[in-house]
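As written, the chains take the letters A, B, C and D, and residue 1 is the first residue of each chain.
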């Protein structure tokens, strides 16, 4: 066993190093002897286990990569993850982190800096509504999904399936004509409304959207000029929160002035590239989180930034970091599934805030359940959809 | 423990109240002290368990909602449910009700007021016919399903699958041309007859219906003018009981004079909205049940009113309340499955009465079996179809 | 316990009657006292168990239905079933029959009258060929399936799937154009050759059939004039045994002179109605079996007469009665599955005789395995296909 | 027990013969007494078990079939298979061979003649990359699959599914228009790019292939003149290693001058017939292996020669013989699955060498896992795809 006060011994493969914070404080750059020790450890093949935080890592802001930071294989931390643990650039320093309970009774919500909340099962399970015995399909709402274009109809299929599996009472998919048979064969439970165009979305008679319908738009949508115009019309005429994903976001990115017309409390679900197109480039995850929060507050919308720890930024300026999910979900189509799930929850009358928190957690959890029957490489978005039931049951179990 | 004769103690969360009938009789409005006690209980957070019936609830007629009624979390009742327990408006008073056997040997049929019968497994299992060894596909009949229109072909798929899974020997689906490939891909076991129209049902050469075929019509049918006319022609020319669902019922609702042409012992399967369009608005479930019975008697048809406890009203004026099923079945497509199942039973030679009782129970039971592998939110009509075999086996087990 | 020599006691429900052959011999009409006793038993509600054969039943020829025959619930017979047990008209007399081994070492083949053979697992398992390690897809042959017409493409799908699941190395389906996408979506493992016609089979360039291909024709084929002509051309030009089913047989029935052109050792798979159309009406199963044998001998073909105990009649005049299968297989599409399985076996190089015996038994056995996961009412032809692997493994197990 | 020095005893069924090398050396033709003994053994019905190698079999070159070679039912060999055991022509001599460990610590790589390597789980498991937590769909690459033609779209479906199941992040399938709906229905996770032609591949704007895309071509492609031209253009313009299969290889065989334009380190996956068309006829497996190696070296490509022991020949002149797989994979479509798997690995950033070794082993292993739930006859390429996850997990298990 080796601690920072010993002389520097030779470290070989098989040795274990416990990093119990080099230097006198957390989140301060290493220097002098501490810096040398850290470099010595990083250059060795020993197995490094950090306590609380790897030495040299700033936990609440970006760390200058010129500084020395311990590269741990495992980090044992207490009650809640540090913010830095949730960002990709620190994966090599933090390694696999494990939460150890230390008897702090308050949940992670309070432990994390107030506006950064770790979204766990405990937090989410309170949101799930009991399904009453005398409910009927109308009780669970009618969702309208506008999705698909020539060559990308699969996105509409995945999104629609996920919507119904998440509990919507009824689903209508508005799709270009080239997607008609595809939808009806792949998802008999959904109704299909054909667009006038064969290959892309060109418009919707907004009178066709009765008040009780909730609307999601984007998966596989494409960016045809007519589609852009049709999205604009939809945004300007609808009075209820929308869910916007994928190409709907890319269209907004090319027409940033439309952002102000978005119905309040709408939900946007970009992946990092899409968010960059919408809001601009940032130099690290801390800055991006800041921009994300500002964007959500400015436009009074929820932003679901997809990633290993998907972030939900709220119009009140808070950020929730999702605890569920796995790297098997890094495959085309998984985002379409998320959009469908959010839409399915909104149809059931959850508030936009509840939709985001429950939806994001359920989505990751579906992937975790699906992984038990698959492998990280082989996991398919369709598998996640099949596991939504297990994710629900897990939330509802005592 | 607290009873009506004690002074009113403070009730806190965690306390248990047994409501053993306030006042001197059942089904009489509460007043005076009894009313005060009931209000006190309802305002508390105690767990309320009612015996027999929550105090203040009328069991065989509608209860004035201005009166005070105990809101129980559980109601323990004896042998059979009271009629009021089966209606949505009383869910908040009755809570979860549980049947306790008290050694009355006669079945629920006799306990309930003679014309209101609780449809249980014991009652239904006697109906199921043994499938003889030397039977062939002709033994189990040839069903004709007229269903689907542009954008609603899924209803035909679900209904057709359910028909074959329930045991029909052969199935022909008459569908608009836009549904041709959809049907053949989704259900290879069915034959498809294409309508002359691409988008909707426009007519059937009634000579195409040989005597041995049974006919169901409605799922996803749409309400095109030609479809309405075609339905009229069908009704006027067919001599055997029809099964009518969904848009077939909506068409009848717009053409009420056609009701008198319905073949005797036909089966209509409306949900409450559809029944309202057909027969008019009522102010509560008791009135609706009365209207339902009158309608069934007047037109000499069976009405299957879909709901948490689906009601089968017979031409003789009796009502059967289904015991099986769950809230996961409140999703678009579940009604189409029921229609298919009824058609499948009729093909096998069951009488219309048997078709209704066995079909309605089996349908709910399929949903209950499917739920074991899913969740209330995620249950899909397709899942119910997959569980029809289990529902049958459950009925046939000793 | 009651035997024929006792006076006639009252028989009540719950009593058990052992029928150990009334009268002095087997297969002789009952008369006098014996007749009275039999009538007395049949009129009672006692449970009747027959030993060897129900009294009064002719075992090797048709029984005059005016005679009295004991109606047993169970018949315990020895080593092998009597011929009469295998025919539908005797189901009510024989009830469920059970084979009891009595130490006769020879198999049923020898016990039954030499030309009537009971086709059991023991007999069939010797036929299955071991699949060698260094085999490749060519080793297992290339099957050509000509099937499907507008509205009946499902038959081609089921048949094709069964063909590949039975072990063919390659499959090409020749289908009308309206079936193109249906086939490719439903069965990606098959190649599709489109007919020049959209709705039906109109011809095949017989040069397209290389020598190594085996050909099956019929499922869902329809009876268009062009199809009839195309079948004629095929029969006249092909040199290898064909498998003919369904509408291919109905066409032959309308063109009986073509029968003589059938390639020797072809396999015809009619159900009783189709066989009647081909060969004429008979008054009972014994006569039909006689006609069947004559037909097979005359045209030098194998006839597979589908039923509860499917009969394989060989060109040598022998009949094999299948022991596997169940009443759940009495559903449209199960015959198509059989045709596909026979074709799949022929592709693998089995002789026509082996194809018939192994195919018929495997088909029934697949249904028996599928039944374990379903119910008699809900069993689907697709389920049988999924269980072909289990049927094979059952045959190959020690 | 019988050894070569005893007089020749009678051998009966049930006797066991241990063949511990007749004659004084390995791989020398038998003669004289040894030849007589071997003939005597081969003519008997005894169970023959060979040690090391059946007497008379040349292990590293072709054996003259006029010589006598012991026909063993089992061969027990040590550490590694002899080269001859891996070739079809020796199956009847070697029978089932079993590897016995004898404590040689080095793996089979070193035991086999240096350039012939037996590809086992131990060798392959080191190749698999860990999937990092913060990866996203871009991390796992974007694959472009050019596949399918009229009637052979199933090949594209199988190949595409396998590609995604193997772990590609994104997949675009370039297909003729007749395959559009087929692809989108069968594989919603893939995007589809339609060719200008309805029935076959006619060209790709090579600017459409961004640098990060990897390209596979061939399954079900057909050999239309336009397709040939389009392949030529692709080869001449692409700068990254291609994967070529099936008709892409047949086109190359008809245009052998194009071979020199193949991007270095491309992967070709012929079955023996296709390789023969490409490289010429050989008279036995040893010669074919020699030609294979020369071909791989000459054109600087990897050749995957499909068979019971698929061979990977590398541009450096080495050959790897796959240890996984089974005879159930001898069915049309299994090659398409392999192509998809290789493409999926290449998308994830594996080197062409790693792609070949890992892909070939995983493919066979998927078939082995799928076989556990099927039979040799019933195994379908689709089943193999479903088992890719199990094959991965098996590799990653300790």
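We adopt the following convention: a contact is a pair of C-beta atoms (placed from the backbone, for glycine too) under 8 Å apart; a residue touches a chain by one contact, two chains touch by 3 or more.
Fair warning: this is a prediction, and the values are worked out from it, not measured in the lab.
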Mind checking the rotation angle between the two copies, chain A and chain D? C-alpha superposition, nearest 5 degrees is fine. 90
Residue-number overlap at the chain A/chain B interface, same or different (half cut): different
Among the chains here, which has the CA centroid at the largest distance from chain D's centroid? B
When the C-alpha atoms of chain B and chain C are each averaged to a single point, how far apart are the two points in Å? 40
Give, as an integer number of Å, the spacing between the C-alpha centres of chain D and chain B. 57
Overlap residues in chain B, where contacts from two or more other chains coincide: 181, 185
Chain pairs that touch, as defined at the top of this document: A-B, A-D, B-C, C-D
Help me check something: in the complex, which residues belonging to chain A touch chain B? 131-137, 139-140, 164-171, 180-181, 184-185, 187-194, 348, 388-390, 392-393, 396
Touch list for chain D against partner chain C, complex: 88, 91, 150-155, 157-158, 178-179, 181-182, 185-186, 271-272, 307-308, 326-328, 330-334, 373-382
